[in-house]
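One chain, subunit A, appears in both complexes that follow, with subunit B as partner in the first and subunit C in the second.
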Partner chain A sequence: MTQHLPVLVIVVPLLTALIVPLVERVRRGSAWYLVTGALLFSTYAAIQMLVQVSSGPIEGSIRYALGAWSAPMGIEYVVDRVNGIVLTMVAVVGLISAVWMRPSLKMEIREQARGSYYTVFLLCCVGFMGMTITGDIFNLYVFLEIASITSYVLIAMGKRRQALYAGYSYLIVGSIGATFILLGIGHLYMRTGVLSMADIVALFEANPELFEKSDVRVAFAFFTVGLAMKMALFPLHGWQPSAYTQAPSAASLFIAATSTKVSAYVFYRISFSVFGIQFLESALPVIRDGLLVMAAAAIVLGPLLAIRQNNLKRLLAYSSVGQIGYIMLGVVLLNMDGVTGGLIHFWNHAAAKGALFCVAGALVYRTGSARIADLAGMGRTAPWTATVLTISGCSMIGVPLTAGFLSKWYLGAGALAADRWMIVPVLLASSIFTAIYVWRLLSLVWFAPKEAVPAVTKEVPWAMRGPALVLAAGCLVFGLSSISVSIARDAARALGLGS
Partner chain B sequence: MMLAMTLLEIAPAVSVGVCLLGVFGIVLARRSPNVREAVSLITAGVNFVLVLWMYCQFQDGKEIGSTLVEIVPGLSLGFRVDALGILFGLIASSLWIVNTLYSIGYMRAHDEHKQTRFFSCFAIAIAACMGAAFSSSLFSLFAFYELLTICTYPLVIHAETETAKAGAKRYVTYLLGASTLFLLPALFLIWYAGGDNPTMAFAEGGLLASSTASHGLLGLAFVLSVIGLAKCGMMPFHSWLPAAMVAPTPVSALLHAVAVVKMGVFGVSRIVLHVFGIDLLEDIGIHQFLVWGACFTIVTASLVALVQDNLKRRLAYSTISQLSYVLLGLGMLVPAAGMAGVLHIGVHAFSKITLFFAAGAIYVALHKTKVSELDGIGRRMPITMTAFTIGALSMIGLPPAAGVVSKWFLVQGAADGAWYGVLAVLVVSALLNAAYFLPIVWRAFFKPTPPGEDDGYKEAPLLCVVALSITAAATIALFFLPDIFADLARAAVGGGS
Partner chain C sequence: MRDLLQHLWTHYHYVIYIALMLIGLYAVLAKGNLVKKVIGLNLLQTAVFLFYLSIGHKTGGTVPVLWEGKPDAIPYENPLPHVLMLTAIVVGVSITAVALALIVRIKAAYGTVEEGEILALDEADGQGGS
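Moving on, here comes the complex of A and B:
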């Protein structure tokens, strides 16, 4: 079975998603077991494959030809060190949010709609995992559409009427973004005649003069803008705060921790494995500089905008805008340390932001809304949840010994190595702004006036507390151990960056 | 044999672990205050014994500590015991025991709220101190430095009044702000200056000693790291310290006379001795910044202390001024002066904690916080005020208190290095110290109690009196037997003992 893992990781949840509504119809409440089981399998498969590629040679990968049709004709799934990181992230976060969501859905989704929610959620996981694992740019687009459409639906399933509007505006922006990506794919296909990433990059390497062609450049520009919209890179982030705020808490948790990052990963993949480093280094300095400015702006302005929010989910959404900036900064710096920083941030941000959305979800679970003022006094009534908030908040700031610190450290080192000195103050300013909003939350939680009656009256059930604690523990484990860094460094090497 | 070896490797980590385990115990025993306080005391005792054991092993010339995690080559979390570290470790761990006794007396007499939070944050703070003391790399030190800021915030905000909140906000803004805006970029620069094999591990003679980076960049890194270590109280980044005086007195005593501020000057010692190294600093010439910054702080803080009527605030400004003695000693780059600076970490700790204990005892017994209210108090609280007098003598630098020892070496160092301006500053500062401490003693013992006020004997709770007697006795003992600390200080500065 092991050799079929690359396809099973997708197919198992995909098929499960199809039978979920039937099972739910037969017996209410049983769908959750199927969803969790399917994601448990995907998590196992993803980790198994990551271990397998990590123990192989640096540039090694697992290649799987779908239906045994090899590359030019068929679609190939590829797992290497880079997407191993992202695939594991999506699967683990999917599993964690599946465990977490059961009590939360009881509060936020009508009973009749829960079956379809599970289906859509599982398809969404499939979409993101597919975007990660595929080695074919058109297949990438297909999975991107699956992920996008299911995301629109998940968001629109929020309890309030504004959720429909938030889902709709994401649909408009997301579709434009997807169209741009499709146009990028079209231009590339026009020039190269192949769709497999490995073939395209081989072609470019053999014929560097192709980089001078305007249609190749236009293709890259289309990819960049389209993906920037999908990943909510400042200033194209307009859809994202409302979407995260209005979505059901369970959906916010999964989407916030994975979706924009998968788009960012696609940008990594397109840049390194389709166009190749040479193209990035030489061909279009203007795009690199432009992206650097956008990433820097996101890093500073995301947390700055977050400070003034009154809704916890909206605050976290703005903070995500900043965090995507970190990941993009990594690719723009285009050196060992920078890319390492960007890659570890996939895991680090997934753990921290996932944990924070668990807290937001707990707040909604207990009070019915995500008003920040309602956090007051939570340290007394819900100490576990408050601890999760504290740890993950510290990781967002980048306190040393938490995961966030390492991300900033590597990005800072990468910026110096690339002679981009101005990035260091940008990172520091972002830490300060993050500290301000995190501190505001923490002082409410732990140091509320004694006479105030906490709105969160008691802890959430263990089914929600456990996953949150796992994510918070992740922030510490990734900060204290060299696991994530060593994997990411090898991945950066595999992308062709010098030591 | 094997066991002893492993024990040597993990001892510093165990020391941190013991303190953190204590936190667990304290939280578990929250329902029964007596057990909870017993846990605090036992943890403090065990930790002290452990540090003492490490001290003995260290004197035997054994290598203690190991790398826990190496995140990438050069960036590691690990421990290694050296003279400077064990000095700081001994001070913090021994005073924690005394301070716990004092805290129990003080907090109970006051019937303070949230004592569990208080004692557990205290234990975390000591864990952070132990971690920082034994850190083998700048990265570890930085991590524990930040941990200390975060875990002392609940202690500063303890009262949860509006003033406490304002004070705590200023505390955390200054400390976290400075470490993020200045110390972190300094770390980046130091990393960058390492060239192809960047490292953060401390080295005898300075980890940057063979760096090829430009002097401008290194100088910038040095200035940024000194400013970033705002816990050392150098002006103008000092105002968090008076603000932190809203905390209960045991906090001011241990944290803002010993642990927190000492972590700052300890950090600067590391930067000077083991990151840049004396030779490199001499080459760059940037030590002038440290010397004159310290001189400015010594004089200015003393002048400000003169006009403070609130006793704790006066002590806080005195701390700011005294901390700069350490910086000054290190900055002059003369062995005798450097040794005096490091020694002053210990001397000042014992003296200043005595003064704070006395201030807290006065507050608990008589609810007085102002210098102007202390007339005749020496007859009501003879033990407390005698201890206070000893502490004050040490601050001024008069025998038979310990302060004179470090000042003596400091003067000697300044003379050796021909720092005549510094000598003048030292003289002025001694006079200023006398000018703001002696009037308190004078009021207490020689002025009559104001009419209408009770003048009967009324000492603070027994535990408080015991604690301050111990530290006062230690202050005198250090005058007669300064060798334990002096030898360590000499070893820390000179390399080899």
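Moving on, here comes the complex of A and C:
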């Protein structure tokens, strides 16, 4: 069975998603066990494969030919050190949000709709895991659309009518982005005649003169713009704040912690494993400089826009705009420290943003809305949730001993090594703005006047508290131990960056 | 100039695909009616389908079924772009279905499918809230 794990990690949740509505029809409430079981299996498989590639050679990977049709003819699934990190992130966040969402869905989704919610949620997990694991660029497009369509539906299932319009806007922007990616694939296929990522990069390495061809450059430009729309890179982030705000809390938790980052990972994969480092270094300085400016703008303006929000989910959405900037900064810097910083930020941001959306969901669970003013006095009535907010907020700022500090440290070091010292003040400014909005939340939570009656009357159930605490603990574990750094460092080495 | 015109003439399929794509993009961005936006999106996707099919075409190419006396690949159309577009068409249909379903729900909830009016109604509801 172990050799089939790369396909089972996808197939088990995919098939479970199909039987979930039937099971829910037979017995109300039993579908949740199936969903959690399927994601538990995927998490096990993802961690198992990450351990397996981590103990092998640096460049090693697990390759799985679907239906035993090997690469040029068939589709290949590949797990290596880089996507092992992302696959584990998606599976673990999926499992945690599955555990977390049961009480929350009872408040936010009608009983008849819950069966379909579980199906769409599982398919969404399948889409994101598939985007991560596939080694074929057209298969990547198919999984991207699975993940996108299910995300539109999840967002539109929010309680208020604004959710419908938020889902629709995301559908329009997301489909334009996906069509651009499809065009990028087409231009690449036109020049190379193959769809397997490994074959394309081998072709480019053997014939560097292809980089001068305009269709190859056009392909990269289409990929860049399309993925920038999907990952909500500033200034293409317009769809994101209302999507995260209006989605049901359970959906915003999963989508905020994974979706834009999986698109960012796809950009890493396309840049390093399809076009290759040579292309990035030599061919298009304009795109690299442009992306650097966009990433820097995102890093500063995301937190700055977050400061003036009154809705906790909207605030977190704007802060996500900034965090995607960090991940993109890693790929633009194109050196060991920068890429390491970008890669550890996948885990660090998933833990911190996941924990913060757990808090937002808890607020919605208790008060019915995510107004920041309702956080007042929560430290007395709901100390566990308030602690989660404190730890993950510190990680967002980048306080030493938390995970966020390591991301910023490595990105700063990478910026200096790449002679882009202007990035360091940008990172500092971003930390200051983040500190301002986190402090605004924390002062409400812990230092509200004694006589005010807190809107959050009591703690949320353990089913919601537990997952939030696990994510918050993740912020501390990744900050204190060097495990994530060493995994990310090896992954950066596997991408071909010298130490 | 002559060279450019000749180039465009011999590569007319690119001209068609780019024109269709721009018309689609224009409709998505400039139209206020949600249904018209979806039509624009469909045009955009159709342009990409045509692009793919045209890169698989050969002058005088025929159906990629093994004919007697034609054992090599030379006289056949490239079937792979066609297969890819079969998938992309299915994806396009699903997106259209989801979009139209959302529009039906939006019409029921807001009473209109005009973007401007929806935004005005949201403004009246007050921003923020969960």
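Note that the second predicted complex is superposed on the first by the 499 of 499 C-alpha atoms of A that agree within 3 Å, B and C clash if a C-alpha of one lies under 4 Å from a C-alpha of the other, contacts with A are read in each partner's own complex, and residues count from 1 in each chain.
Criterion: a residue touches a chain if its C-beta (ideal position, glycine included) is under 8 Å from a C-beta of that chain, and two chains touch if they have at least 3 such contacts.
Just so we're clear, the structure is a prediction, and the values are computed from it rather than from any experiment.
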### Message
Let me test your reading of the model: by the given contact rule, A:I176 touches which partner, first (subunit B), second (subunit C), both or neither?
### Response
second
### Task
State whether subunit B or subunit C is in contact with more residues of subunit A in the superposed arrangement.
C
#### Entry: First, second, both or neither for A:V82, with subunit B first and subunit C second
neither
### Query
So, does A:R371 touch the first partner subunit B, the second partner subunit C, both, or neither?
second
### Message
Contacts for A:G186 in the overlay, against subunit B (first) and subunit C (second): which applies, first, second, both or neither?
### Response
second
### Task
Check the residue A:L416 against both partner chains and state whether it touches subunit B (first), subunit C (second), both, or neither.
first
### Task
Mind sorting out which residues of subunit A both subunit B and subunit C touch, each in its own complex?
none
### Task
Please give the residue numbers of subunit C that touch subunit A in the complex, ascending.
25, 28, 34, 37, 41, 44-45, 48, 51-52, 55, 80-81, 84, 87-88, 91, 94-95, 98-99, 102-103, 105-106, 109-110, 118, 122, 125, 128-130
### Task
Would you mind writing out the residues of subunit A in touch with subunit B in their complex?
394, 399-401, 406, 409, 412-413, 416-417, 424-425, 428, 431-432, 435, 439, 443, 446-447, 449-450, 480-482, 485-486, 489
### Query
In the complex of these two chains, what residues of subunit A are touching subunit C?
138, 141-142, 145, 149, 152-153, 156, 159-162, 164-165, 167-168, 171-172, 175-176, 179, 182-183, 186, 189-190, 245-246, 249, 309-311, 313-314, 364, 368-371
## Note on the structure
In their shared complex, subunit A is touched by residues of subunit B numbered 69-72, 75, 77, 113, 139, 142-143, 146-147, 150, 154, 157, 160, 165, 172, 176-177, 180-181, 184-185, 188-189, 191-192, 198
